[in-house]
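By letter and in written order, the chains are A, B, C, D and E; residue numbering begins at 1 in each of them.
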Amino acid sequence: MKRMTASYRGKKGFPPGTLTHVGTIYEEKIRVRQTSFDPAGADSRDLERWQDLLPFRNDRAVAWIEINGIHDVRAIEEIGRHFSIHPLVLEDILNTTQRPKFEEFDDYLFLVAKVPFAQHPSESAVGSAQTVLKTNHRVEISFEQVSLLFGKDWVISLTERDQTLFDPVRERLLTGKGRLRGQGADYLAYALLDVIVDQFFVVLEDLGDAIEFLDEELVRRPGPNLLRQIHAFKRQLMYLHKTVWPVREIIGAFERCGSRFCSSETGPYLRDAYDHIIQAIDTVETYRDLISGMLDIYLSSISYRLNEVMKVLTIISTLFIPLTFIAGVYGMNFEYMPELKWQYGYYGVWSIMILVTLGMLRYFRRKKWL
Amino acid sequence: MKRMTASYRGKKGFPPGTLTHVGTIYEEKIRVRQTSFDPAGADSRDLERWQDLLPFRNDRAVAWIEINGIHDVRAIEEIGRHFSIHPLVLEDILNTTQRPKFEEFDDYLFLVAKVPFAQHPSESAVGSAQTVLKTNHRVEISFEQVSLLFGKDWVISLTERDQTLFDPVRERLLTGKGRLRGQGADYLAYALLDVIVDQFFVVLEDLGDAIEFLDEELVRRPGPNLLRQIHAFKRQLMYLHKTVWPVREIIGAFERCGSRFCSSETGPYLRDAYDHIIQAIDTVETYRDLISGMLDIYLSSISYRLNEVMKVLTIISTLFIPLTFIAGVYGMNFEYMPELKWQYGYYGVWSIMILVTLGMLRYFRRKKWL
Amino acid sequence: MKRMTASYRGKKGFPPGTLTHVGTIYEEKIRVRQTSFDPAGADSRDLERWQDLLPFRNDRAVAWIEINGIHDVRAIEEIGRHFSIHPLVLEDILNTTQRPKFEEFDDYLFLVAKVPFAQHPSESAVGSAQTVLKTNHRVEISFEQVSLLFGKDWVISLTERDQTLFDPVRERLLTGKGRLRGQGADYLAYALLDVIVDQFFVVLEDLGDAIEFLDEELVRRPGPNLLRQIHAFKRQLMYLHKTVWPVREIIGAFERCGSRFCSSETGPYLRDAYDHIIQAIDTVETYRDLISGMLDIYLSSISYRLNEVMKVLTIISTLFIPLTFIAGVYGMNFEYMPELKWQYGYYGVWSIMILVTLGMLRYFRRKKWL
Amino acid sequence: MKRMTASYRGKKGFPPGTLTHVGTIYEEKIRVRQTSFDPAGADSRDLERWQDLLPFRNDRAVAWIEINGIHDVRAIEEIGRHFSIHPLVLEDILNTTQRPKFEEFDDYLFLVAKVPFAQHPSESAVGSAQTVLKTNHRVEISFEQVSLLFGKDWVISLTERDQTLFDPVRERLLTGKGRLRGQGADYLAYALLDVIVDQFFVVLEDLGDAIEFLDEELVRRPGPNLLRQIHAFKRQLMYLHKTVWPVREIIGAFERCGSRFCSSETGPYLRDAYDHIIQAIDTVETYRDLISGMLDIYLSSISYRLNEVMKVLTIISTLFIPLTFIAGVYGMNFEYMPELKWQYGYYGVWSIMILVTLGMLRYFRRKKWL
Amino acid sequence: MKRMTASYRGKKGFPPGTLTHVGTIYEEKIRVRQTSFDPAGADSRDLERWQDLLPFRNDRAVAWIEINGIHDVRAIEEIGRHFSIHPLVLEDILNTTQRPKFEEFDDYLFLVAKVPFAQHPSESAVGSAQTVLKTNHRVEISFEQVSLLFGKDWVISLTERDQTLFDPVRERLLTGKGRLRGQGADYLAYALLDVIVDQFFVVLEDLGDAIEFLDEELVRRPGPNLLRQIHAFKRQLMYLHKTVWPVREIIGAFERCGSRFCSSETGPYLRDAYDHIIQAIDTVETYRDLISGMLDIYLSSISYRLNEVMKVLTIISTLFIPLTFIAGVYGMNFEYMPELKWQYGYYGVWSIMILVTLGMLRYFRRKKWL
């Protein structure tokens, strides 16, 4: 929560365009990898130092530079300068609290998105088998910022951490599976975006399982603990909604201004990605509806239970309070109480008590409490 | 619920455009049927193997190919290739979690929609006559994906299962009833779409009956079971809304870009279908309003009941607690208690008790509790 | 409620454009009336059989054909054919579950609307004067479908029942009051539409009285019966909103495409009708806000009452329970209980009890419960 | 509330354009005043009879005709005819239930708005100083309809009652303060509109005071009376919102079509008035939010109190009920009860009671109830 | 709250354009500072009297005039006249209740915004260390009005108080850090606007801390005090939303009409500021969602607690009331009560009591109350 605004604490007062890294620093060293390809083939190399990248050379049609880790400000600055990226763009890349957006420049397009990752908390830490089962359904979503830059014959992807997100795409390039190799930088950018969109679905599936689990829990004994979980869930959906929503605009903007950068063949694929992200938004909204429905059920079942409890209390109290009073009357020690001397007084009192009880029960039945 | 996202589990990492069937496989073999017609006549033939369809030949003006079952990926692929369908469209057809949409291509139009079917759960399983009556009002809606493709002189309809949905249309073609035979592929596509729209109303009627039943149940003893049913209902309406809403866009898009594919005569019919779908959306929204009104009534009647119960408890307790206290006082065993020796002490106590009771009753009446 | 969807039960499977009457059949025979007028005069005649209308002849400038009752499919079909009305329009006229709409054709304009009528249930059935007073405030709204068709020199109005709705207009034509006679078919169509708009206000006034009555009832003893009435009211407002809203679009569309059919003088009148319908919508929305405010008051007064009841219970219980305990202690039969033998033991106990009571009362006062 | 629709009761059936006065008749005689001005000077005269106005003559550049009271239909009709006002406009002027609107005609512009006036009920009637203090914060808003008509060199303002609303403007004209005299009819119309906009702020200030008072009352003992006041307040804000909202459109429309009627200098002033009305709308919406926040606080503090009350009841009951039971046991009269004969039986029972009480208290503390 | 409308109390009746200061007067004397710069250098001077500013002379490319304090109407008027500012703009500057807005004039642009400042109430006043810790999380937001005017080569900034808000910008100008000196008046105006945008984030961070603190408090013992804090928070967010929202429009309008005033280089920077303000709005909305989620949790935990309390009361009461009744029965003093004479009567009664208790406990367990 705090991370959403924490960025500005240190930056206030600096002139705009000053490059500062804002966010968690995950690793000591950033990692740079270059993958070049053309229809004929593809090769990938890990660079030991980011300095090896410059001066940049590419033997094939398209080059894809992956940068994992964005905390080395100087590296980003140098690479940015080489590809003549606008300083504000570099600032956006470094600021991990950046809102997802898409921007068009003369020579390149820039987009930044948040990618969700689902974690199952304390999966390893907890020992007993039963708890493990439960924690499978407790999902925590973290977001990581991914930036994409691409021009005529190059794509730069920047991620916060060294991650395996884009591995399948590299795999496809190297193995030549699919039509990726035969296409240009635009299609590669689309392919990377498609991986990001897919990642939303991966997370949504985990959330779907968790919702199902919560729904079942609700039938079993509901408690304030469950309420807290439902609310935590609601918050996560809120954050997820806030990250998935702008992706729609990004893809839309990509598609619209793509004519200059994209071959006409990439169009239908972008429209397809657009449909997918709409579906992801739909699913998030469905989940929100389901969650608020669950909250309603929770609250009304609590109030129904209260009602039931009160009914039992009322019935028991109402049945016995008059009887206890009658017994109390004949427990009084007055010297002159004629009933006490009657031979069948005791039995008479019992009869009265039974009659009162039966009358009460009839009353309750008429009120439909029994 | 899970089905909405389940599709991506297996697909992540595949290049876009890879054909994979996603969804439940209903039957072993898919079924293909070809119906050809022109103003002069119409004939229909069941193909034993889908391979018999290709190479495709048509002796009449328009051919309608029905494919029931979409799990045979190779069949879809081959037929798709014959009609030169874009691989992404084929992917959409095979993916039963596809969001309803409409797409225009150079040579054909493509639309995919979800068709609702109402089921009355365990109708046969339950034996007693009374329960059967009740289950008539318990509706479960399942959705099936229907895809339509049509070009100049052909229409392809694809459904998940072998179903009777489009039988009346085929019937009309074969018997020559209506103006269907004299029209082109566009009108046939409209007729199929009209059947889909009608199916929404069929389901809405069943839901209308169920709402009426729930409404009556609400007057009789409302309980947590009913609450759960109302919420289940609400969910189903939510899903129904999500499927009926995009159909509006589909018909609207069909009508707009129809000029290229449709004769001018089909226009008013499409506008009519548009009106109908608007009415279906209206009805779904009316039902949603009714359901949330029912929830409000339920909750406030619960809280009213609680109030009533509490009033009874309070009146009984408040009446008897002071009396019991008085009786308790004279049940004490002090050796020196003058009242106990008074001759009319017992009657005096009774008088006091009656006075207290009358005072209480007056107080309650003034408070309007009685 | 059910009527909104009931229409499709019988129609599914028929080709579009098949004429079938959908709705309640109110009378055996439909009634047709022709009123012709020009600035010089106007005359009106009741046709014994609808067949007498055809072949249609008109001696004056404009002819207005009123058809009361739309269940005679053949009559509608024949008349429709004579004025060359599109079959889909006839279908819409016959289907009384049709959504209000406006459509423009080459030679005529078509509009269909729902007109509300307020009924005071069982006004006659109930005998006692008091109940009659009450039922004046119980309003039930029914809707009737009215269709208007008009071309250059003719207007056709179709209603479900033989009704007096348009009588004032005919009166004005025959007596020559107002500027109606001097105008064309467009102004007559406007005048009929104006009557429909006015009818909404008539119903809204009745609803206004009913709301006022409910509001007063709320101050007097509120109960679950009132809650049910408020909810019934809310539903009726929902239906009314659903019928009044599209009338706005209808008038707007009428005004926009009127240039071809309307003289420029009718324009301001249509804008006036538009303003009126906006005001009607406003009023409906005001009523909805008032009703939901009333629901809130109802619920919070219920919960306030519960609170009050609980306070009384708590005060009484808390005052007497400790006293009863003390009395119980000295009612024990232990042989060795020194207090019982003390001479002032009894008075001492009373003193303790009074002190406890005073302490309690002070506590309650500090808690602001008294 | 009823006044919003009451207008139509008498009017139904009349042809559109028939002039009828709808609304309360405030005074016997309407009052007409003519103020003429040019940069050189200004003079104002009260007309004894409205007939003196006609035939209309004006010695100066611009004439402003104020008509206070609109119930004299003939006067409005005659004056309207003189300035050739459209009959529908006159109808709108006479109908005090008219929705605020703006209309453009060839020779003049017409606008009608509702002006709010705040009243402090029974200020004079109530004697005691304390109550007067309180009633200062009870605001009742009444609305009065003001119509403005203006052409090239004349402005007509019509109000329901003889009021002082426009006195400052006349004052400015007569004293020559500000730039009013040097401008045309358009600027005068703007100045009158500005007074109307200011009147909203006057009322909003009174409402602001009342909200502050309610907010303080909420901290002190809240009751159902306060709830009713809050809801009455909410309704008034609703009505105020409904009247202030269309003024925005009116000013916007005035500005847009002003080019024909307004000098270019009036433009910025109109934009300024537009900004003010937006601010008024903003304030109304802020008040609505504040009021609904207050309702939430009210409801949750009621439920918190209930909780507190229940806790006290439960603690007291739970503490004493077991003790009373123990005392009851040893009040039984069985002949053979060994404990009764024990020498320290009585003390033993006390010990048990104290232990039970301590146990209970510990339990409550653990539950955080104490 | 009141400040939003208080402005009009004194102004009503004055002609529009009359300059009056509306708002709190913070200091006796207003302070004027002139900073001039060109790429070569920058110098700043404090003017002892505002009169020293006029006649205005500037040796460098761009002049920035800072005016701290706007209550000296004559000063504003004179300076305004010198730069030929429209009187309505001066009126807007002086009225501190002005809604944020942007206006374009022929020679200059004008914008006014509200800048939020967070205060931690009574930080110094409270002595004990613990309270200080707490008050860190109690934030009160005050708003100050900042107006910016800028033309070709001058910028005027007006603030309500002498403040340090723009100090970093002046610093940068004087030290030559960043690209500020080399740019024109448009970039300076952007830089000032950027400071305002940043100030929103500074306040949002404080609010973020406070929300986190409230969230933790909610887990610990929640009470009506916390509820009040949450509602106060909600109000502040409402006011913040109302001030941050129009800033979006301001920057958008600035960017759109900037072509005439701005160099093309300023464009991306404005778009960047726009993105930032969108993010601020997003954060405010996230906070609102979080707060309303917290309210829901608060309310449902209150109702859950009530439920728990009631359960305990019911269990205790239900267990002991029947037992007390039994004890009461055998406390009666009838002469003929056979059970009293039985040798094991006392033990029999105990057995019955134990059996009843066990039965009750089983019942409770089945009801899942234990």
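In this text, a residue touches a chain if its C-beta (ideal position, glycine included) is under 8 Å from a C-beta of that chain, and two chains touch if they have at least 3 such contacts.
Note that this is a predicted model, so its numbers are computed, not measured.
A.B. asks: Where the centres are mean C-alpha positions, what is the separation of subunit C from subunit E, in Å?
C.D. replies: Once rounded, the distance between the two centres reads 44 Å.
A.B. asks: Using the average of all C-alpha atoms in each chain as its centre, how far is it in Å between subunit A and subunit B?
C.D. replies: The computed centroid separation for subunit A versus subunit B comes out at 27 Å.
A.B. asks: Among the residues of subunit D, pick out those that touch two or more other chains and give their numbers.
C.D. replies: 303, 306, 310, 313, 317, 321, 324, 328, 331-333, 337
A.B. asks: Considering only which chains touch which, label the overall pattern as line, ring, star, complete or other.
C.D. replies: ring
A.B. asks: Start at subunit B, step over to subunit C, and keep going round the ring; give me the chains in the order you meet them.
C.D. replies: The cyclic sequence of chains is B, C, D, E, A, beginning at subunit B and stepping to subunit C.
A.B. asks: Quick one: in the complex, what on subunit D touches subunit E?
C.D. replies: 168, 172, 177-180, 191, 194, 198, 201-202, 204-205, 208-209, 211-212, 268-269, 271-273, 275, 278-279, 282-283, 286, 289-290, 293, 296-297, 300-301, 303-304, 306-307, 310-311, 313-314, 317-318, 321-322, 324-325, 328-329, 331-337, 367-369
A.B. asks: Using the touch definition up top, name the residues of subunit D that touch subunit C in the complex.
C.D. replies: For subunit D paired with subunit C, touching residues are 1-2, 4-9, 11-13, 15-18, 86, 88, 91-92, 97, 99, 101, 103, 221, 223-224, 227-228, 231, 234-235, 238-239, 242, 295, 298-299, 302-303, 305-306, 308-310, 312-313, 316-317, 320-321, 323-324, 327-328, 330-333, 337, 339-341, 343-346, 349.
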